[in-house]
Structures are given as structure tokens and as C-alpha cells.
Amino acid sequence: MAMTGILRPGHAQIRVLDLEESVKWYTDVLGLVPMGRDSQGRAYFKARQERDHNSIILRQADRAGMDFFGYKVLDQAALDGLEKKIRDYGIQTERIPAGDLMETGERVRFKVPTGHTTELYVDKKPAGNAVGTENPNVDVIDGPGIGPVRLDHCLIYGKDIDGNHDFYTKVLGFHLVERVKMEDGTTDLAIWLSCSAKAHDIAMVRHSEDDKLHHVAFQVTSWEQVLRSADILSNNRASIDVGPTRHGITNGTTVYFFDPSGNRLETFSGGYDHYPDMEPTTWTWDEVGAGIFYHPRKLNEAFLTVVT
Amino acid sequence: MAMTGILRPGHAQIRVLDLEESVKWYTDVLGLVPMGRDSQGRAYFKARQERDHNSIILRQADRAGMDFFGYKVLDQAALDGLEKKIRDYGIQTERIPAGDLMETGERVRFKVPTGHTTELYVDKKPAGNAVGTENPNVDVIDGPGIGPVRLDHCLIYGKDIDGNHDFYTKVLGFHLVERVKMEDGTTDLAIWLSCSAKAHDIAMVRHSEDDKLHHVAFQVTSWEQVLRSADILSNNRASIDVGPTRHGITNGTTVYFFDPSGNRLETFSGGYDHYPDMEPTTWTWDEVGAGIFYHPRKLNEAFLTVVT
Amino acid sequence: MAMTGILRPGHAQIRVLDLEESVKWYTDVLGLVPMGRDSQGRAYFKARQERDHNSIILRQADRAGMDFFGYKVLDQAALDGLEKKIRDYGIQTERIPAGDLMETGERVRFKVPTGHTTELYVDKKPAGNAVGTENPNVDVIDGPGIGPVRLDHCLIYGKDIDGNHDFYTKVLGFHLVERVKMEDGTTDLAIWLSCSAKAHDIAMVRHSEDDKLHHVAFQVTSWEQVLRSADILSNNRASIDVGPTRHGITNGTTVYFFDPSGNRLETFSGGYDHYPDMEPTTWTWDEVGAGIFYHPRKLNEAFLTVVT
Amino acid sequence: MAMTGILRPGHAQIRVLDLEESVKWYTDVLGLVPMGRDSQGRAYFKARQERDHNSIILRQADRAGMDFFGYKVLDQAALDGLEKKIRDYGIQTERIPAGDLMETGERVRFKVPTGHTTELYVDKKPAGNAVGTENPNVDVIDGPGIGPVRLDHCLIYGKDIDGNHDFYTKVLGFHLVERVKMEDGTTDLAIWLSCSAKAHDIAMVRHSEDDKLHHVAFQVTSWEQVLRSADILSNNRASIDVGPTRHGITNGTTVYFFDPSGNRLETFSGGYDHYPDMEPTTWTWDEVGAGIFYHPRKLNEAFLTVVT
């Protein structure tokens, strides 16, 4: 975790156009565990090896996208300290009362410079993984559905990437893992940030419009599970954007695809460990294609332009 | 093997535009074992687990493509029997004397209905695999280069696919494994044929021009080795056509790429067993995309049009 | 297939001590597809990618072991030819009428020199694989149960290994792939034989008692599926004999385990291709351990002594 | 990292009986990168994806074992704070001057309650990974040698496990991930601790003698790389203790083996993420076998008794 006490990405609320269709798809194709609905009609899910009650919340809306992304924090002292740092930095915060999200405690909510609503929270009810914590069996991942092990990270698009970079590193305590430079050789086109030793807990790309989602990513356990993801997606006639392939950036292996509302999702495996003492990796403008998709060494049009 | 005594694809002679550049690339990037040159200047290679002296022959020419594709036959009696059957079928044969190809015995040469020069032979000097045949070590596949284990099959393009189908099954004893139908629902666009229990020993696609090569394929041992192939290709800035992905047809996992002369090659893994008593699989015109590339469920332009 | 027309191992009848318990175990743990029972109370199964009606038949008995092992033959002419060759060789044959085994045609039955009842047959009703033969989906292997793709081979124990070797190669048309020598450097302790290009369709070990079964083997598609096999076996508290590990012989990756009656089974992946023109591999007495289990380079006691 | 600023295991000094033989073995078989020797004759190595100058130091001695194990710390302030906490806890510390270890800054050294010499340090000269930090190629892991990506953790044996547990969690800021209980159901036989989100950065087992080493572990990138490790070890006639297999504890896949001096090493892959907010997993005495080696569900004698 970061020395600020931020542990990990904990939840993402995603907008879908048809809730019932989406609940079925996130259950049967993506293979998340349905965890119930709240009084607002939102549907809750967790990944199979996650231990907290929920990580993905689906909300019916008239356009796709992500409402907010939340990080779990170690304890109340860390949360209070973070809230103070955020306010001292000049960003307003709001407290959302416990219970607004199912089985979730009070959240501190704020907008990062790119306009994305972001949250910190301490409590989410333990709901148990698939195998328990006494003499557990090995969790053999069987279907139906992909069955990723956890929510891992998201990639967001917006204008003020430098502002986000500054805020995420100085206030939230993330560290820079990789970056892509623009043609000028100076400006960051995109950055990958970590609050742990993972290659990324969040990433962001410079874009003309704020508060946009590129994708939400889930971890699977191997390159063979990435293949199984793609097979299951095609068996179910889901739209695959790119992959299976490897990222140059992070070295993860990946497949990108769209949910029924057009939100891009990713299941990926691997990626190197990166600690705060390590020099970030830099990709120059002419090699951004290889950075994103290492095998074709070029981007596809949809990857660059389709966001929700 | 086929009951005619045809064992397996044994060699392919490939035309390259710059022999020295190609020898380096087939050695360092593809990872074949260089086996020497002959008095005509042709360069010989074998894959690491192959036991015969050579399987790939490179010949410098002013255009890329494949000169001929040869099958190894069990014994002289089988070869004589096959030659008689070929002539009885109405196709002329020619005997190429032993030694014309390095360490290779006499070959029976003929043209199949699509105009591809095809050969049968019995003798090729044993050259040993990487580990020997007494208390062998396990062959750990290390680089530089991909290091496929064997030449596996080729895919050829030409006009008279029905003629090839008839000849290959009735005379050579291959059996049909899969087929793709054209829009009329009747005509075969493409067929996959086996002389063994492999999913294919040769495949062919209907095309306006005869004697064309789509690709020569090499086997690797796992999906992770397909990934390693793609990583090595990108590390060496080779041009990757498609993949890593899975074929619907045969279920193999694959990456397609081009040698420096523009010849398309494939390294693949897997594919189901198919025996002569099994019903072939049929793909309809509207699903040909999924048949070829199972994840995107559509073909790319280069795959359809670029042949050598 | 062999030039005699023998295609592949097609069925094995296994004796179990408690049929109901075994049916449940072969379904839920091994993950075979239950295909019904016959009037004698025998239970039939197929592996998920097999296309014929059955490959494993369980018969309740008071001791474990294998009643018979059968090969599928290309057509009636090949079967008649084989029967004549067997009789000419001096081995009696018997015709078991169609229907004695469910959905299975007439079988030619005989005893090989080690006393194992062996069968040849042409007809078994097609029952379809999991995905069909028109525009099939990819068969994603999900549980419960291991879900091997096919019956692959068996390893038998008996006295007259030389007699079996002679009969299998001269009469049935198999070829020798690997052998282990005894301390004298001459006598075969064990041999691996193929009627295809697989590394083995049957194997046999010299032993003081005839008609014994060491194991029946099923193919899975990858080393990761071998791991999944072992995880599922342990999750179900099945007794694992050895593995996951690699064989030096054939290079396959493997796990051995016992069914509830004590019959040893194997799920394995890989193994090199071997054609009749290739020199067999020989293991000397001092390296037999590495030949069988490549990583420990020694045998465990149970592997050597426990047969059914 | 821990909130105390401890980043990760950074180095281990291992005693070997024959330095030249060991340098050759750690280079050619384990596949570490040799980084030079110091004036005391110690030999330095790093793993291929590590960025600091060294992680393994070999010292010739008349008995095998581990001299010390060191953790890298974020910055000088964190190091000073940790030193004060250690002293306040009642454990003496010593400062080893910069340069005592090659390219390594000042180290704070102390003994944990089980008598193991442990170190903290901030500075180790960056030496670069195999691919650099600008537009890097993918690091394709080729031999000779296993080529693990990083030093990952060690398992130590000693008397006062409870003392270590208290010290490691209260002073160093590690958190408990898994534990094995003794027959009394209360006492910890063994504990697994993390200073990150990895399943373990160190583990320890209750034992009658202090300051003992069970194994030092290196990470590889996949289950297939665990197989490759085992193949390479057997090809080189290294002594394999156990595996490939899976741990119940941490879920990692693993192979254990001995260096030429009898020090046990491990290459492993996988293992779940564990954060400080998660409940530890507990294994009861009767299931310790499954906890350690999930497939056989029992321990081998050597694993329990052989330490250095």
C-alpha cells in the first residue's frame, strides 16, 4: 500500500443502458458473483477471490461510463489524514454516509483534476472468498463466465493529466510506474500509477474531454486464462476490441472487450512488480504503439477513440 | 500416417529475395537450425526436434513464394505404389535424383491440380534431434530465436480446390478435417486435410491465381510458446500479421508473421486430434471469420489478399 | 493410424468395487460424460471431445483392474484382414456380437501374449462432441471435474513383453517409440508403442504376473490443465500417486492418481510426435528413474508395485 | 510496502562450501546475473529483472546457511525511524558502513528473536534490468539457466516464532497472511508475513535450533516457467527436493531444490494478493500437509528436517 494508507482499488460504479441484460452478462459472461441490489436498484457484484462485499456496482442510466472509482484505505486515521491532505491541496471533499452503498461504510468523495469522481473508504463488509480462510481448497476457476479473481485498476481519460499526476503522487501517495511522451518529447500523453507494488492501480490518458472512462480491468491468473477469457467472450458473441496480446507497458497480457452498453473492460494477467524506489519507464511518441500493444506495435482506431 | 504410407510434411523450399539476410533471420529470429548449403547456393535448415537433415530450404529468387512442398513416405514400396496411383490418376510424375537436395534421396515430383509442385520421398539422412535417443535430457527451448519443434503444414491458394480435394483424398490417402463453404452453401472455399491424426497436414483456399503460398506453419509446444514467439518477433521488429489468437478451425492457437521477403509463416500450438472415421467440421460463409480467427470473428484484409 | 487400419484406443472396461460410488466419481471428479447403462448394469462414459458413444465402461466386480482394451479400426476390410493376420500368427480370436457393448458393433477379441484381453472393432455410434461440427464454439473446459478431452492409452504389466512387442509390431502394425532396458543391457523392461504419430497408444512393463493394469491415461490440453487436474483431485481428496511432473519418456507432463477402487489413472498433456521412420529412444537401467519421472529422477515405491 | 517504509526483501548472503563451483552453478543453472566480487572474495548476483546491483551474495564457508537477510527501505527518514523503533523495542542495532557490501549503502543490522541476522538499508546502486527503461523490449527469458525475475522471500527456522511475529508486525509493520497451528490448536507452528500485497515476504517455522534457513525463494513468471525450472534442474542433475507442485498456503506453484552446498532454494510462481485489512488464513495441524504441498497432502521427510 501507499504510505498514506491507501490499500487498493476497491469499487467502481458503472453505468449500463439495460440493467437486467447487464446483470445477466456480468454474471454469465464476465463471471462476477452477484451480491444483491439496493433500494436505488443498483446491482452489486464481487470478483470470486475478493473478500469484501462488492467491487462492481451497475447503475442503469441513459449513457454508459463510470460514475466513480473508490480506493479502500487502511483505517479511519489514514482516511482522516487523507481527507485533510486533499482539502489542504485545495480540493473539496464530501462525506457520503455509510450504507449509501450496500455493506459499505462512510466514503470521502472528491473530484480529481480530470473531473473523475473518486472515493476513499475504510469499511466494506467481509463477504468471504470462494474457499474460506481455514484449510481452504484451491479455488479452481470454472465457469460459466470468465471469473476474474479481482478488480484491478481502471484507465481514465481527461484533460489535466499533469494535475492528476501531481495530486495522485503528492496527496494520495501513488508512484509513477510508466509514462508515454507526446511528440514534443516532454508532455505526458499517459501515465501509469501505483499505490502498491503492482504495475498499476490506475492509469490516465490526456484527452479533450474530462471524466471519461477507457476501461475497467480485472485480473486473471495466467496467459492461459486470458485465452479462456477470449474464448468465452467469443462463445458468447461479446465484442472483443483487441487481444489476446501483450502490453509493452507493464508487460501484462490482455484482452479488451465491451460490455453490452459499450463500456470497455479488460481481463489481464501478469505485469512486473514496481516499487517506489524504481525509475519509471518512458515510452516515446514514435513507440507508443509498441507500448500499448506489443505485438502489432500499433494502436487500433477503436482503442484510441472509443471511451464512455 | 495415411494408409498409403505418406508419413508427414517433410520439406518446403521457400524463395527469398536476399539469401544472406534470410539465413540470418531464419536462424536468429525463427530459431531454425542451419544445416549447410548446396552447390546451387541453397541454404538448409531443420527445426530443433526434427530428426531428418533438413525441412526448410531457402533459395534466392526475384520473387517470394514456395517452390515445392514434400511429404516423407514410409518406404520404397509405398513410394512406388503412390507413383503408380498418381500416374493412373492422370498426373505426370518426374523422378528427381538422390542428392539434388542435400542428404535427401530420390524424389517423385508432380503438380497437384492447383499447380503446386509437390514431392514424395523416402530417404533423408538422420541428423539427430537436440537431445539424442539414449537417456535424453528434456529439450528446454531457449533462444535466441523462436525454436519451433517441427515443420507442420502449409496453406496453399489456387483455383481447383475440388480437384486437389479429390486427388489428395483418393490418391494420396488424406482425409478431410474441416471445410469452409462459400456463399452458395455448396462450394468449398477452403479445406483442411490430414494424412495423420493431426488437425491438418495441408490446407488450401480457392483463389484466382494458381500455385500461391499463404503460409508455412511450424509447431510450438504451448500457448505460452506462441506468446514467446510473438514477443521475439516484436523484439526483432518482424512484421506480425495476426495474433496471438485462436483458430476456430482446428482450435489451434497461433501467430502469423512475415519473413523478410514477405512470405507468411505461422507458429502455432494445439489443435485437436482427427481420425479418418470422424465427420468433418463445416463452417458456413457467414461464420468464416470466426472459423479463421476465433476472437475477433472477422478476417483482416492482409490475411485474405497477401499471398506469395 | 497404422497401415493395418488400426486407428486408436477406443474403449477400456474397468472393474470397480462399488459402481454407484464410481459412477459419481468418474462423473464429478474425473469429469467424464455419463452415457448410460446396459442390461448387465455396466456404466458407460465418454470424454468430452470424443465423438463416439463411449470409451470407458465400468463394471462392478470384487477386484479392481481392466477387463479389456479395444482399438477402433478404419473399416470392415481392415478388421477382417487383421483378424486373419492374428489367427495366422497363432492367436485365437472370438467375435463378440454387436450390441454386447452399448452402441458398439461386432468386436474381434483375442488375448495378447501377456494375457490381456484385447479387442478390435469398426462401429461405435457417433454421439457428438460438446460443440458440434457446424460453426462450432470453442470447447472451454469447465468443471465440475477434470474433463479430459480423450482416452489416450494404457500401460499394462505382464510377463511376455517380447511376445507382445513382436505381436503388436508385426501383426497389429504398431511401431516402437521408446524402451527401457534391464540391468543386462539387452532385455526390455518396458516398451512404448504407437499406432499413430502419438508418442504412445499403449505401453507395457515386464512383470511377474500377467494381465495386470498399471494405468489408463486421458489427455488434457496443457500443463496448466495438468495442474487443474491435480487441484481438483486434491479438492476432492482423491489419492494422487505422483505429480504433477514430467516424463522423460515421451516428454509428457502428467499426474497419476487412483480411482475409488484403486485403479491408477493418469491425466497428461504433451509428448512429442513419433513416426514409424524414427529411431526409438532407449533408456538404460540406471536412468529408468529419470525416464519415468524426470524431475526426481527416481521411482516411488507405489508406482513400481501397485497394479490392479 | 509497509507503512513503515520497508519496501521488499533486497538481499541475502548465502554460505557455500566451494565458491567457484557455486558461482558457476548460480550462473549457469539458476541463471542469476553475476555482478562481480569484493575484496573479501564474496561473489555478487542479481536476478534478471531486478534493478539494484545485487540481491544474492555468496560467501565461502565451512558450513552452508544464510548469514543475513536484508530489506530495502524507502528513504533515510524511514530507516532512521525504523532503527529507533527497533531499539525502543529492546533490540540492539548496529550500523554497517556503506561499501561493506558492493554498491550498497549503510545498513542497520540486528537480530530478530529467532537469532537471524536481519538488515535494513536504503541505497543500492541501480544496475538496470535486462531491457532498460526507455521503449523497452519484452524480456524473453532464455537460458542457459532458470533466470528467475527476482529474489522474493525466505523461510527461516527458529525457536521464538511468537517473538518474531510480534517484532515483525509491531515494529517492522508486516502483516500476517497465513499461519499453521500446532496440535494444541493454539500455538503457531509457522507464519507467513508480508510487507507488501504479496502473499509473503518472509515466512518462519518453529524449530528446536535458532538461526536456521529452510529456503530462499525466487519468482518466475508462470507455472510453465516452474516446469522449465525443474527441467533445467534435472538436465543439470541438480537435486530436486519437491515439485513441481502447488502450495495450499499462498496458492503458489513451486519447485524446491538444493544448491551444490545443500542450501534449499525455490522457484515459484503465483500466489494471491493479500492486503493488511484481510483476515489471515489458518491451517490446522491435521491439514498442514495439504497446506504445504497441496497435491500429495503430506510432507516429505527432507522438507521437515533438512535446514542449513
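Going in written order, the chains are labelled A, B, C and D, and every chain counts its residues from 1.
Definition applied: a residue touches a chain if its C-beta (ideal position, glycine included) is under 8 Å from a C-beta of that chain, and two chains touch if they have at least 3 such contacts.
As the structure is a computational prediction, the values presented were derived from the model and not from experiment.
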Furthest chain, CA centroid comparison against chain C: A
Between A-D and A-B, the pair joined by more C-beta contacts: A-D
Inter-centroid spacing, chain D versus chain A (mean Cα positions, whole Å): 31
Inter-centroid spacing, chain C versus chain A (mean Cα positions, whole Å): 47
Intercentroid distance (Cα basis), chain B paired with chain A, Å: 43
Chain B, residues touching no fewer than two other chains: 138, 222-224, 231, 234, 246, 290, 294
Chain A-facing residues of chain D, complex: 1, 3, 5, 7-8, 49, 51, 72, 74, 126, 133-136, 138-139, 149-150, 196-198, 221-223, 246, 248, 251, 270, 272-273, 275-284, 287, 290-291, 294
Residues of chain D defined as touching chain C within the complex: 223-224, 227, 230-231, 233-234, 237, 240, 243-246, 253, 255, 290, 294-297
For the chain A and chain C complex, residues of the former touching the latter: 137-138, 140, 142-144, 222, 224, 228, 231-232, 234-235
